[in-house]
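As structure tokens, the structure follows; a few thoughts come after it.
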Amino acid sequence: MERIYLDHAATSPMHPKVIERMLEVMRSVPGNPSSIHSFGREARRELDLAREVMAKSIGAKVNEIIFTSGGTEADNMALFGVAENYQQFGKHVITTAVEHHAVLHACQKLEQLGFEVTYLPVDETGRISVSDLEAALRDDTILVSVMYGNNEVGTLQPIKEIGELLKNHQAKFHTDAVQAYGIENMDVDECFIDLLSVSAHKINGPKGTGFLYVRSDVKLAPRLFGGEQERKRRAGTENVASIAGFHEAVVIANKERDEKREKFINFKKMMVQRLQELSVEFAINGSLENSLPHILNLSFPGTNVEAMLVNLDLGGIAVSSGSACTAGSIEPSHVLVAMFGKESERLTNSIRLSFGFSTTAEEIIKTAEETAKVVSRLKK
Amino acid sequence: MEQKDPKNTRVVVGMSGGVDSSVAALLLKQQGYDVIGIFMKNWDDTDDNGVCTATEDYNDVIRVCNQIGIPYYAVNFEKQYWDKVFTYFLEEYKAGRTPNPDVMCNKEIKFKAFLEHAMSLGADYLATGHYARVVYRDGEYKMLRGIDENKDQTYFLNQLTQEQLSKVMFPIGHLEKAKVREIAKQANLATAGKKDSTGICFIGERNFKEFLSQYLPAQPGNMETFEGEIKGRHEGLMYHTIGQRHGLGIGGAGEPWFAIGKDLKRNVLYVGQGFHNEKLYSDAIIATNVSWVSNRPKPTEFDCTAKFRYRQEDHKVTVRLLEGERCQVFFHEPIRAVTPGQSAVFYNGEECLGGGTIDEVYKNGERLTYVG
Amino acid sequence: MERIYLDHAATSPMHPKVIERMLEVMRSVPGNPSSIHSFGREARRELDLAREVMAKSIGAKVNEIIFTSGGTEADNMALFGVAENYQQFGKHVITTAVEHHAVLHACQKLEQLGFEVTYLPVDETGRISVSDLEAALRDDTILVSVMYGNNEVGTLQPIKEIGELLKNHQAKFHTDAVQAYGIENMDVDECFIDLLSVSAHKINGPKGTGFLYVRSDVKLAPRLFGGEQERKRRAGTENVASIAGFHEAVVIANKERDEKREKFINFKKMMVQRLQELSVEFAINGSLENSLPHILNLSFPGTNVEAMLVNLDLGGIAVSSGSACTAGSIEPSHVLVAMFGKESERLTNSIRLSFGFSTTAEEIIKTAEETAKVVSRLKK
Amino acid sequence: MEQKDPKNTRVVVGMSGGVDSSVAALLLKQQGYDVIGIFMKNWDDTDDNGVCTATEDYNDVIRVCNQIGIPYYAVNFEKQYWDKVFTYFLEEYKAGRTPNPDVMCNKEIKFKAFLEHAMSLGADYLATGHYARVVYRDGEYKMLRGIDENKDQTYFLNQLTQEQLSKVMFPIGHLEKAKVREIAKQANLATAGKKDSTGICFIGERNFKEFLSQYLPAQPGNMETFEGEIKGRHEGLMYHTIGQRHGLGIGGAGEPWFAIGKDLKRNVLYVGQGFHNEKLYSDAIIATNVSWVSNRPKPTEFDCTAKFRYRQEDHKVTVRLLEGERCQVFFHEPIRAVTPGQSAVFYNGEECLGGGTIDEVYKNGERLTYVG
């Protein structure tokens, strides 16, 4: 069975060029970047080249990029690193109700550690209001963490407005750009961003690597102690081959961004249109306009998400919804709860489709048709 | 009954992470069915690390499914389980009875909500690792005891109907438990050496008293003999089951002490000496919620055998049908510790005829109001 | 120039079979192990298979293995995770003066957080004494962290004796086995080990992955918050391809352990003998007997480590010494300081040679001869 | 002088992470030499994050070396620097003088310890990014000013000898700074846009006062005119250099105030009005530690030009050699703010002849004991 993968927001397949590049590095760059011999220098060179490209991709300087083991570590480093070092200026943190768990659960830990966290609400499209943020800001706010684009419904947050609001406030501004990086154009100076998290495996790079941008005037407390890697802010031998692959992925993402955006926006339209033609009852969670091009979250009244996902999977179509707990069952999405309330039926009848470089128009059409079939069976 | 080619027959196996359902799935796969393993999450609880207590079991399901080579999923019936099983469980305890949540779980969850879920996935059958058999014979489905008498689970399945049985497979019902373990071991299944789970699913290996006390306020009271002699204190009537000896803590001379009855109004636990204390014996019951496997008309009164507890030997009884899914059951000999809330399950030889819930217990034509 | 790599203890080249395996996974297992569709299941399967092999390799159970981003993270998780969760039983930690920086610097952070840390001294071979440990143990000791084998001089610690001493004490026993794993046979039950850290890239696996063994009755506070991966003890999408490669590396290490041990012990003898034949003045740091087979640390009186390393590198031979600071200069090794004192000349005239699967006898001879040349030039 | 083929000629370039040494390395590489970049770590200091303050510079060295395609290393001379340069620096300040650590660093570290290190690596030459030139002419090495007059660094190199110069290359000495930047830019070197570092290397961009106060106890005292009038307080004599205006904080009518002398015993800073205050002028000095580039015999007395501070214009002087590497220097016209501790460096046209340390300052044959 030809399978269709529409879960690129969960993780994206590695680009063949990324694999090729990693293969090359795995084979021919065996050294440890901290070693002072030729093997070490060759490894270090890979890091430096990657760092340069990544810095440039968000308008940052090379020494503002810290390689991490992925988006979760980047988010955790940002939150704990700022909280620890700036707590003398206050113990108040602001975030949103729709952040990734890497931010939300880190915030909950901060609460345990004596910090106060304000979780901003969102409207029905999943967007916060800047005036809510303004109202929540206090003299003792030291950190504001608002994601760039939501991983479940795709909604973009008003990052630039937030940055402008915060630029004269002591609070550091962190944005989790894990889902948006690569598909959205971003500039840390334009948006007054102090910290920004990125993951490689969301942009066709390898799993297990990412970076945290930290503006040079931000003093970040480290979370991993050991060697002096990453200028003592993140100990541990750097993942050279993966970083080189990440580098390649960034290059590709930068090059193909416009083309992809157009393609994915078109896919959304096709999907919606085909479902309408097939008389499927559905609603869009989020908005089609102010949204990441590659994420489409749909609610199908009268269906059940677990049955939907399994049916589609058995039909060879991989989509997702919320997140699975360690015992495999689907938990209601906190994002949809924030958008529609705890009692909304959307919590149990919504699925997310997300597109990637390999997605084709045929796959979209086939998915729409299979979805229509499943919906009609489940509503019987 | 028309048989489809196994490879075009989709079977959803309810997998618990135990050896029985693992082997059930394995056998079906070997028989060429289109097998899907599904783990039910019925209870939401977390361990010290905040991890679902069901995680280990699900991990075992995953390992086994990967070994067998079948897709696996999980499904969440927490809400249904709470509403239909756990609420009933608590109500019964509150009423001084001893409920059987496994029977209710099979009736309301496994062979209802879960069966529906399986059907919504295009399944032809739902299979489980129960020790029981289904046969289509003489134009209807019959439920037979599992071959392994010691493991037979028809007692818990007594509420199943023709419609349910038409969609159900029990792939290990024809095997001895030892054989099941042997198959698992030979196939090197991850669960081959796993101990059978004990206790009620949502309580797991935890202390039953502690668990129950989270949901029902324990009301300590007196332990008395029927003669009115106070023999000590109990921590809550719900912690005691008629006929049981443990946990009373009454010492002294003579035969050991047993729980033999409850006075709910006075919150008194009646105790008496001797395993065969005559107060523990009854000779008839009225059962409610009686369900019969066969849809065919029955005589108003007939003889068969019955079990009043899981793993009890069969007792000869006469059943007289009453209105409203009720029946009277007359024991041919007095039976010890027949307890309201438990199931009365009827058999004809190896065939399970159906069953109901023990509601009222009689002796010599008089209702024993103290049992519970 | 044919180069010679004798710095396998810093990082080891990836085994061709490991690369091959990763390539396969990168190409054909694109999913996220947490996803509930077929792609997710395939990814998850890789993790489970790896976990099984790794657990077995140290006599542990599958649910006692937590994948990490490497040895540093494993060490940090062990130390902070135990310290946080057991502090109600005491705030005293015991470690040694010769641990890897991942343990030492984590311990220093623990001191900042109000813990008291005892750093056990070592003898001239780099070994602690169990009676010192016994004397240091207190009722409020909650953690003892002693490395399995030293990464700089190779010295093995009396792990089993320590385990036996601790088995009736509340303190959890952690061992950093990053350098020893793969070359030493280890069993967590036999040695009463509660936590054990391993890194993939030291055993010809990929960089950026490792594991922490945590005995099932140890309650470990997590350090990374986010998704429910690794049973909530380590959030973040698992590095599937690298873990599959790690898996392969473990299989190879298990298979070739005995052969490698013999080979490397022989290399040590060859090196020593050839240097003697060439009348080079040198001393062994550590001991030849009670030591990791692949690590040989030598002191060359009258030379200077920076000049030695650069000369050997320019001659195509990669060896190492101590660790380089972020500004590139060689810091005196804390291990040698612990063994010989702050004033010892060995601090500035010692180099480490470490062997790996690709090392040949010819390379050893050539290195001995080149070393002799350099030493004689530097002593002029 | 015999020239080896560049490709068999190993040159170690002392790289600071600045544009000058970057271009020096680039040019040598382009000329085909076997080039090795080495970064010197002379000072151990860490920033807020505990990171070596030298890290950024080393990172730049790495980037540039990778761009050029040469191996790079670092070498640690912290101990030598502390012993030979920093100790001297503090001693001089304690003695009320104004030392020139760069001259000492070149003499003791860069062109001694570092040069030896380079030689131990089999290097034929040590190259640096100084604006100066070495030529072999008339059977000896001569050190010439850098072509860019504004950047010429021979002042700091005045202690170099024939032996050192025979192993030294200054690859950018024949270039204007603007040209150096242009080359860096065209080669897209990472350091092309980097600002020139200012200040003394171990202090970096930090506050000088703050730095010095960590090592030398500051003793506040009075500011007085030579007439004995107290004009205010100073925080420490060491913070003031003769001839400087800033930091005095004396207001009032008339011309601005300048530091014009020190009385170490009384801990008094003498101040006076007017840039051209006559007390600031001297007409002769005695220099110590005098070193000459040429080994050839010199006349006991000769005329040449001299600089008494970096970037000062040349002054005509007559030099009279004394015993013990000392000399007297007579200015043809009085010179402002000649300060003990600084270097006196001698030139003949574009050629730097050598230099020494200003020890005693005279005017009209009398020693000015108040300068320092």
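First chain written, first letter: the chains are A, B, C and D, and each begins at residue 1.
Going forward, a contact is a pair of C-beta atoms (placed from the backbone, for glycine too) under 8 Å apart; a residue touches a chain by one contact, two chains touch by 3 or more.
The shown structure was predicted, so the numbers you read here are calculated from the model rather than taken from an experiment.
Ranking every chain by how far its Cα centroid lies from the centroid of chain A, the top place goes to D. The interface holding more C-beta pairs in contact, when B-C is weighed against C-D, is C-D. Separation between the centroids of chain A and chain D, computed from CA atoms only, is 53 Å. Each chain gets one centre point, the mean of its Cα atoms, and the points for chain C and chain D are 47 Å apart.
Put simply, the C-alpha centre of chain A and that of chain C have 33 angstrom between them. Annotation for chain B: residues touching 2 or more other chains are 51, 55, 62, 71-74. In chain A, 36, 38, 228, 231-232, 309-310, 313, 324-326, 328, 330 are the positions where the chain touches two or more neighbouring chains simultaneously.
Shown here, the protein chains touch in an arrangement that is not a line, ring, star or fully connected set.
Against chain D, the residues of chain C that register as touching in their complex are 304, 306-307, 309-311, 313-314, 324-330, 377-378.
Looking at the complex, you find that chain B touches chain A at residues 36, 39, 41, 51-52, 54-55, 57-58, 61-62, 71-76, 117, 120-122. Across the complex, chain D is touched by residues 36, 38, 41, 44-45, 48, 62-63, 219-220, 222, 228, 231-233 of chain A. Those residues of chain C whose C-beta lies close enough to touch chain A in the complex are 3, 5, 7, 10-14, 19, 22-23, 26-27, 30-32, 34-40, 69-73, 75-76, 100-102, 105-106, 108-109, 199, 201, 206-209, 223-228, 231-232, 235-242, 309-310, 312-313, 316, 318-320, 323-326, 328, 330. The part of chain D that touches chain A in the complex is made up of residues 48-51, 55-56, 59, 62-63, 66, 71-74.
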